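Below: one structure, written as structure tokens.
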């Protein structure tokens, strides 16, 4: 039996919509599952106190600090490098051998698994350069890891700035650098910000790479040379050790809320970007 | 313009940091890992399943097989669902609906892998154990969790590939009286082919490289799994599990596993990049 | 003494321009006199815009661009070693076909070039904003909302803002590339009035597709065709008694 074109379209669309609905269902399930089990245990004490007896009791304050330190450092190092790379690729050079090599490097870097970044960060930063398992090692490793994302999003944002803006600026007797700094970057800033926020989200979620570079010390870090356990790693350890599930769920809920918040922020920035570039 | 040249030069140096980073990573992973492969002998490293670090046996064959199996499973699930999502978003929904579906992809990509792994342990693993048998921690559980994790990668790159197809192709087909579904199958899938293949390849890269979620749901036993319900250990999870206490030759062997992983990933990456740049060139040439 | 012909404000000598292998301008020798309004007319793709962009070296950014022949500003070669291209662009103000206000406030649009030139004095800024907006005939319409977004202005207002932005630099030459092509007749008339007044202060080169505009708003007119300068003369003479057949054909609408 052959289905008529219209009938086969109906069938195909039904199947694909079902799969799409299932995907949305999975997302909703994951988020609600974690929030429902975790949020009730997220109290002020939990957020503001140090863990006791390996995380069975107490809170996650040192891990919050550690996560912010490691991720923040990664993004702070990566953002200027990534934006400068994007400026070079878009404003200071033409398509050619050089840009092909740079893009290939960035694209490949984007595909390298986090465990490889972890191995590298361990031998290079922690052992080779003597930084030890520390916020510094972790931050530098993450910086390398999120660099391709920042390059790509910045490049897109910069390319979206109308060419005519540059012409006007040149026509008014401004140098290329002034034009880049005061016209192009100013217009591209929300778009670049979106990339940076998303990179921050990725660094916060990262586990394998920070495990091998920032270590898992539970104390409140005193300097960049201290080891510090991040939230994601803390959650992994709690979940694996089967320590009280309430603490694990609460930690996961904090992670999910942070992820949702950062995505919302990125969305807001993107909207502003499009409004500006109308 | 002297100032202009100086700035250009500085920016160029900075722009090389991505490729320099890649080169550094390759150099250090290879430097740590490759000597061991020669020391053990490449046959005993790649083609043996005997991984007993205390006895100096470092065979990763079972882990390579394990990685391939969970990757295949993940691509089956993530590929089909991701492609469906991309088709629904680009072919069968208006801009508003497509705009509403986009955050779904972004949020799926944003959830930490440890959370995926944990939910897999709490929901999928017991389901498999109770209804299908086996320990639950298995190739199947791992494939499902990884499938969800690679879905956003496959979907977002497929969407880009579909969007890159000239609108005239689509309109031309519809104008000839084809239904949207026929147009999708006969015109769009064909025109976006290389981009879709790149999407699947990059998804594979994600699956091969994923670590933490895999550790949690795979069971991590060292044998080659004999069914999809058997536990499995992948290259990545092996590194993450043992790196904490490994030293000496054992640590070097983990780096050698990293070398294996790195090579697989670079092959996949290069294939995907070549495919998408071919597409860009074809588009430029057709102009 | 009064009949002594002054040195031209700007002058091209045998200017030939190529983009890759395509010749865009062929051996153009044309002068822009002091305090005159020179109109350049001709059909699309005849090289008018390319010519303008040579005058402030905006073509330098095009990688296919190559040039032979000289361009002099007040007797100095603009490609000479002592010429600072950034300073050159401040001396030659350009207005584009489509008004491109930068996505900032009206005030910022005008002060931008001054700030980039190192003028930071706020009082100077305020004075310049007022004087240049007055020159461009926009002051009365926007004086109460200088900090509102420039893109909220109408098309005609935006174009006058772009003119004011250029005038704030007190350029010696004003070059305009079809500045009224997207505007309604009333906005066009306002800009033509402004040009009439500005003539006393600077030389003006006006590229236009609209021959009527050239006849209304210029002292001399040059006719370009396929990269060649066919004829240049007093506007009245060129429109009533062109010397060249091709000019006559164009003006009577046989092509273009």
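By written order: A, B and C. Residues from 1 in each chain.
In this text, a contact is a pair of C-beta atoms (placed from the backbone, for glycine too) under 8 Å apart; a residue touches a chain by one contact, two chains touch by 3 or more.
Since the model is a prediction, treat every value here as computed from it, not as a measurement.
Colleague: Considering only which chains touch which, how would you classify the arrangement: line, ring, star, complete or other?
Modeller: line
Colleague: Can you identify the chain nearest the overall CA centroid, using each chain's own CA centroid?
Modeller: If we average C-alpha coordinates per chain, A lands closest to the whole-structure average.
Colleague: Nearest whole angstrom, what separates the Cα centre of chain A from the Cα centre of chain B?
Modeller: 17
Colleague: Using mean CA coordinates as chain centres, what's the chain A-chain C distance in Å?
Modeller: Roughly 48 Å, centre to centre.
Colleague: From the mean C-alpha coordinate of chain B to that of chain C, what's the distance rounded to whole Å?
Modeller: Whole-Å distance between the two chain centres: 56.
Colleague: Show the residues in chain A shared as contacts by 2 or more other chains, in ascending order.
Modeller: 175, in rising order.
Colleague: Name the residues of chain B that each touch 2 or more other chains.
Modeller: 1
Colleague: Multi-chain contacts in chain C: which residues touch at least two other chains?
Modeller: 86
Colleague: For chain B, which residues count as touching chain A in their complex?
Modeller: Its residues touching chain A are 1, 3-4, 7-8, 11-12, 14-22, 24-25, 28-29, 32, 80-81, 84-85, 87-88, 92, 101, 103-104, 106-108, 110-119, 121-123, 148, 151, 178-182, 202, 205, 208-212, 216, 236, 239-240, 243, 254-255, 258, 261-262, 265-266, 268-270, 272-273.
Colleague: Given the complex with chain C, which residues does chain A contribute to the contact?
Modeller: 94, 162, 164-165, 167-175, 178, 182-183, 187, 276-278
Colleague: For the complex, which residues does chain C have touching chain A?
Modeller: For this pair, the touching residues of chain C are 56, 58, 61, 63, 86-90, 93-94, 96, 98, 100, 102-103, 112-113, 116-117, 151, 162, 165-166, 169.
Colleague: Where on chain A is chain B touching in the complex?
Modeller: Against chain B, the touching part of chain A is residues 5-6, 8-9, 12-13, 15-17, 19-20, 22-24, 26-27, 30-31, 33-34, 81, 84-85, 87-89, 92-93, 98, 101-102, 104-109, 111-120, 122-124, 128, 144, 147-148, 151, 175-177, 198, 201-202, 204-208, 211-212, 232-233, 235-236, 239-240, 248, 252, 255-256, 259-260, 262-263, 266-267.
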